[in-house]
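A, B, C and D label the chains in the order they appear, each numbered from 1.
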Amino acid sequence: MFQLPTVQFTEEQEAFRLEVRNFLQAHITKGTFTPAIDSWLSGVDPSFSKLIGEKGWIGLTWPKKYGGQERSTLDRYILTEEFLAAGAPVAAHWFADRQTGPLLLRYGTEEQKQFFLPKIAKGECYFAIGLSEPNSGSDLASIRTKAEKVEGGWIVNGQKIWTSNAHVCHYMVALVRTSPYDEKKKHSGLSQLIIDLNAEGVTIVPIKFLSGEYHFNEVFFDNVFVPDNMVVGETGNGWEQGLAELAFERSGPERILSTYLLLEELIKELKHQKNKDGLKQATKLLAQLWALRNLSIGVAKLLESGNAEDVAIPASLVKAIGTKFEQSIPEIARLLVETYPNLEAKRKFDRYMAQAILHAPSFTIRGGTTEILYGMVAKGMVEK
Amino acid sequence: MFQLPTVQFTEEQEAFRLEVRNFLQAHITKGTFTPAIDSWLSGVDPSFSKLIGEKGWIGLTWPKKYGGQERSTLDRYILTEEFLAAGAPVAAHWFADRQTGPLLLRYGTEEQKQFFLPKIAKGECYFAIGLSEPNSGSDLASIRTKAEKVEGGWIVNGQKIWTSNAHVCHYMVALVRTSPYDEKKKHSGLSQLIIDLNAEGVTIVPIKFLSGEYHFNEVFFDNVFVPDNMVVGETGNGWEQGLAELAFERSGPERILSTYLLLEELIKELKHQKNKDGLKQATKLLAQLWALRNLSIGVAKLLESGNAEDVAIPASLVKAIGTKFEQSIPEIARLLVETYPNLEAKRKFDRYMAQAILHAPSFTIRGGTTEILYGMVAKGMVEK
Amino acid sequence: MSEMKEMILDAAGRMLKENISKDVVDLLERDDWARGIWALFEETGMFNVAISEKHGGAGGDLEDLLHIVRLTGKYAAPMPYAESTFANFLLEATNQAIVKNIATYSLKEGFHLQNDLISGSLHNVRWARHADYLVARVDSFQGTQIALIDLQKATIEHSNNLASEPRDTIILDKVKPISIAPLSEEQLFYTLSIETAFKIALMTGAIERIYEITVQYSKKREQFGRPIHRFQLVQQHLAQLAGETAIAITAFHNVCAAIQSKDFLHEIAFARIRIEDAITTITSVAHQIHAAIGMTHEYTLHQYTRRLWSWRDEGRNSPFWSNYIADYLLKHDVDLWAYLTKTIGKK
Amino acid sequence: MSEMKEMILDAAGRMLKENISKDVVDLLERDDWARGIWALFEETGMFNVAISEKHGGAGGDLEDLLHIVRLTGKYAAPMPYAESTFANFLLEATNQAIVKNIATYSLKEGFHLQNDLISGSLHNVRWARHADYLVARVDSFQGTQIALIDLQKATIEHSNNLASEPRDTIILDKVKPISIAPLSEEQLFYTLSIETAFKIALMTGAIERIYEITVQYSKKREQFGRPIHRFQLVQQHLAQLAGETAIAITAFHNVCAAIQSKDFLHEIAFARIRIEDAITTITSVAHQIHAAIGMTHEYTLHQYTRRLWSWRDEGRNSPFWSNYIADYLLKHDVDLWAYLTKTIGKK
């Protein structure tokens, strides 16, 4: 069950990697962005997203007719890795690129594809993901936001919470209940709707992050009308569609590299201080990164060949182990290099340390807690 | 809930500690015993137990009229620590001293106390603890060994397993079912009986340990007659009595020091190699030992004042954290000092490493698994 | 502790509990602080604990003071109580007159003395912008000294730690100290270890509070139709939280006891090393149990976890004390068990 | 892998699975070993894999050989297959004629050459008592060489590892080698890393087997009226087991791929470091899931965990490779991301 393919990147792929890297380095030098920890979720910069869209680097794998480049999954993997390793602010278009695009390609109507995908690919249309609700947490099946059928569409009432970057997004793909809640069949009667976040009745309330930053929201729906053509896939099939979407997001390099910048600075500082013993201890982190990266790339390669069933367990494992690895970097680094973490510090090491410490607790919570992942993996293991 | 007393040992206590230490050192020098890892469970040596009995060091806290010394719990703590730190072979009398004595003092009849306690204190009478059964594991309430009432006593049929050192013991305190098994009230109808292991119908079958050693057994009972005066405490009250017994055994230094000898050799080797960086890493182990020891001594002090309720959680925590600490020592040590673990190695470090590695998995299983302890601790926390 | 002392602690605890709401802690984020509680503490003599009689002390020893500091940690009190009292401790330790107004301190290298004037800069000085005085280490070719400095004469650049507590840069340019006195190498280690004890007290307080908050939450929050504390994996987190909390509290109490017995350097080292490990586990499991809500500013958990993440890198931390112990072990021919049981050299 | 190669592996796997019962593994404890399977392996050409044609090789490359070694690890095959094949690998790498009978090897320092005669002693040499030949590193003022030695001329003292596998001491007193050839520093590192790859293969095999045994057990064993895999804490253990198993298998496959691409030293280092961590977790959770039964000799789990506990301290282990990487990073001005993505020096 763990027979994942190995990948040796081709010369073309290496060239692409270097192209992306050089582009990002040039923009760092120019001051277009300041590299930061966890920038894939918290680095919102619409003008940078547009720049990326112009390069053709959003929707890289999508059909050309929808604004994509028809490049391989591995090319997209390389692109994403380089964004993460550079700490680039890709959060604005992130969910549209990673989740909404693939979702629409799989389940969307031709009209939806033609309308949304090219805009997303240009970096001009951002999507929020509406899953959690105040009383649902890890128990997504208990979702209560409801859509009632009316002439020509649906009326949505309810509330979503922890919605990353909804305040800059244009739309939300929301999981809502289109049939009444049934304690015994919680998973049925759920559907995915595309909700225009500028529509009447939508209120977005910021939730301040513990650091004072702002990247998640409460989104309230008060009799919001959603036209019929904004239903994604089949009505009532939202749970299955949502699960497929979640599996896709589990194994990406963003589950390994959120605190990579700090690891890089750690090695630099240790080299600078000629601290060989510190370097010896840090090699464990490098070995862990190497191993996780192989696992994650193997899953990406397998996804390319369409084996979504075989990857469910390895994908969950990448997230479970990868996010703990991301969390471990500041904890190990602070024992090897003297630091005083400070968000405004001049020394990168101290700044990245502060960012990493404050963001780290989220890693094992967002997108499926480690506890939920363990249960899913174990169930999959004994069913084989 | 974690307000444990602190203890500064008195001069008398220090003198006692040194007396024990010098005695043990003299016997190591004489060759009476070879120090070994985990010797409190696997170091069976009846002649050494008799020597300890002669010193008055078994049943140290018991009333003088039963062969004890009426010394304090802290004196016993010191004594036990010194045995463990020296790797002395105290396993033969261990359970009788730690569990059976206190059990009989609390629940036993005057006849039982007069008959057993002086023999135990002399180091001539050893007890096995009969709890686990093949299908019970952590679920002790599912015990099936049964005792049926007959004229003048009970007829016992059934089987105990994982019984430490039953092959050298004279008696077993067995938890058996004296009323029929009732799925709904599993905990009721259990009683504690003292069973003569030389009685007719008792068969002791060795279970080979993975290293080839021999310290646990299966014990079969085929119509074994146990006279009425061998019931401990109240018939039907065995579960409560057994729990009290278990709580008592959770927080002792044997949950911290089972692999202490290896830690000592680690520090010696690192000092010898002038490996300062290794020593710096090893200080974490020393700090952990210091902290756990304070916790364990605090519980012992509180037990002396009879506050058994307040100590249930801290006692479980000592075992949960302490046994993981014991397990961590070989894992950390092997990365700091080059080793090839070998049970017959000349270098102590390699020998202790081998003993520690092979015994370590037991630490978090025996006497209540870590999983069971977590559940008990959490339940206690939310009930407060 | 005597009954009288318990009354002092009860009073301090009550004052803090009644007056420090989440909003009061948040004052820091508007560059303000809890002046009201400071005044209450002054009125009730909380600054006279462990001060010698000749300086107007009202009784109480270092252990009592450490317990009050622990309570200020438990309620995240946004005021420089630990700093002011430790500054006066430093002054008393070097036979200098103590101060009445707000003071802070630093034991880091950065100031030097030339012609009786102090110059240099120090980073991350706690609460400097709100303090009247600084008690600081000053180095010169005569050795290390402790000086009392009027902060009116300093340039102060603002900076904050992860919990928005003031951690400022102080720049002195040929400033004449109010008083100054030498500090021997032995005294330096003594003051460094007492400083570490203050930090351990603060940390222990914050840990106690995280424990309370988290257990409460696990009882109230439901998932999949049950309170979350019924799930085995949450139980595991809770048990780990309990274990590390018990370890931290016990370590703190043993540090207090050791200080009374005057033989405490290694105990403080062990306590600091171990409590930093406890912080890693405690902040991690507390946030994991709380999940998303714990990451919001509105919820109080972060007021304690952010402090712990800052405090663990302040003062002399785990690597410093590990180095201290490693040095000791290398240089002394000690038997480990005798060392751990404090029976070195005894036969 | 080609189809033909898959057939070889299938055949090897079947032979091992069908012939190696727990009792066969236990032969070692009576100082015996699996001569029958050895003969089967000989008959089916398993010793000719990855041997050059001029020495009678039957095709197959190093990757195929590593996979067969992995299978011998998976079934705890009590025979010196990895040792014999690696001994011949060493002979071929130094252009010496290979041997047909049982061979073992050592790359540790301990033998020296004087007047063309070898003296010295080596500890923990694998399977020496059952081997006809030893291929060993020999040092002299001319540098390092690889010598083929007839073990009839050696004194052998028996010793065993934690899994009862023979790990003997070999003493040579002025023994003339059958053949001898120099080994450059570069070749030395090459052979050390291939030796490490052999170890990784063995470890991966044992890990696969522990995974299978443990998942099976969690389905069969009941506690509190349910199969234990239904308990969240057991699920956590299982998930950790799965994670470390996936990491180990993937690491092994990537080592194989890297060897094909000739750029593998750092990958082997990372793999070895990471797999040793995996061993700690895997042996720990597998035993914890099994509880008491796993600690008995009668149950098979220990045949794999004891091997892993021994093998992780054989050959060049995690501290050696950590040191190698730390040295490399110190001495080269590399960008870490370029290093990790193997794009050093490319723009």
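Here, contacts are C-beta pairs under 8 Å (C-beta built on N, C-alpha and C of every residue); 3 or more make two chains touch, one makes a residue touch a chain.
In this text the structure is predicted, and so the values were computed from the model without any measurement.
Across B-D and B-C, the chain pair carrying more C-beta contacts is B-C. Distance from chain C peaks, on a Cα-centroid basis, for D.
Averaging C-alpha coordinates per chain places the centre of chain A 39 Å away from that of chain C. Taking the mean of the C-alpha atoms as each chain's centre, chain A and chain B sit 51 Å apart.
Residue positions of chain C with contacts to 2 or more other chains are 231-234, 236, 319. In chain A, the residues that reach two or more other chains under the touch definition are 277, 371, 374.
Judged by the touch criterion defined above, the protein chains form a pattern that is neither an open path, a ring nor a star, and not fully connected either.
A complete list of chain pairs in contact reads A-C, A-D, B-C, B-D, C-D.
Residues of chain C that touch chain D in their complex: 231-233, 236. Taken in their complex, chain D has these residues touching chain A: 215, 218-219, 227, 229, 232, 234-236, 238-240, 242-243, 245-247, 249-251, 253-254, 256-257, 261, 267, 269-271, 273-274, 277, 319, 321-323, 325-327, 329-330, 336-337, 340-343, 346-347. Within the complex, the chain B residues that touch chain C are 2-4, 6, 8-9, 14, 17-18, 21-22, 81, 85, 260, 263-264, 267-268, 271, 274, 276-277, 279-284, 286-295, 298, 313-314, 317, 320-321, 371, 373-375, 377-379, 381-382, 384. Interface residues of chain A facing chain C in the complex, by the touch rule stated above, are 132, 135, 137-139, 142, 161-162, 207-212, 216, 327, 331, 334-335, 338-344, 354, 357-358, 361-362, 364-366, 369-371, 374. Chain D makes touch with chain B in their complex at residues 29, 123-124, 159-162, 167, 221-224, 231, 233-234, 280, 283-284, 287-288, 291-292, 294-298, 302, 305-306, 309-310, 312-314, 318-319.
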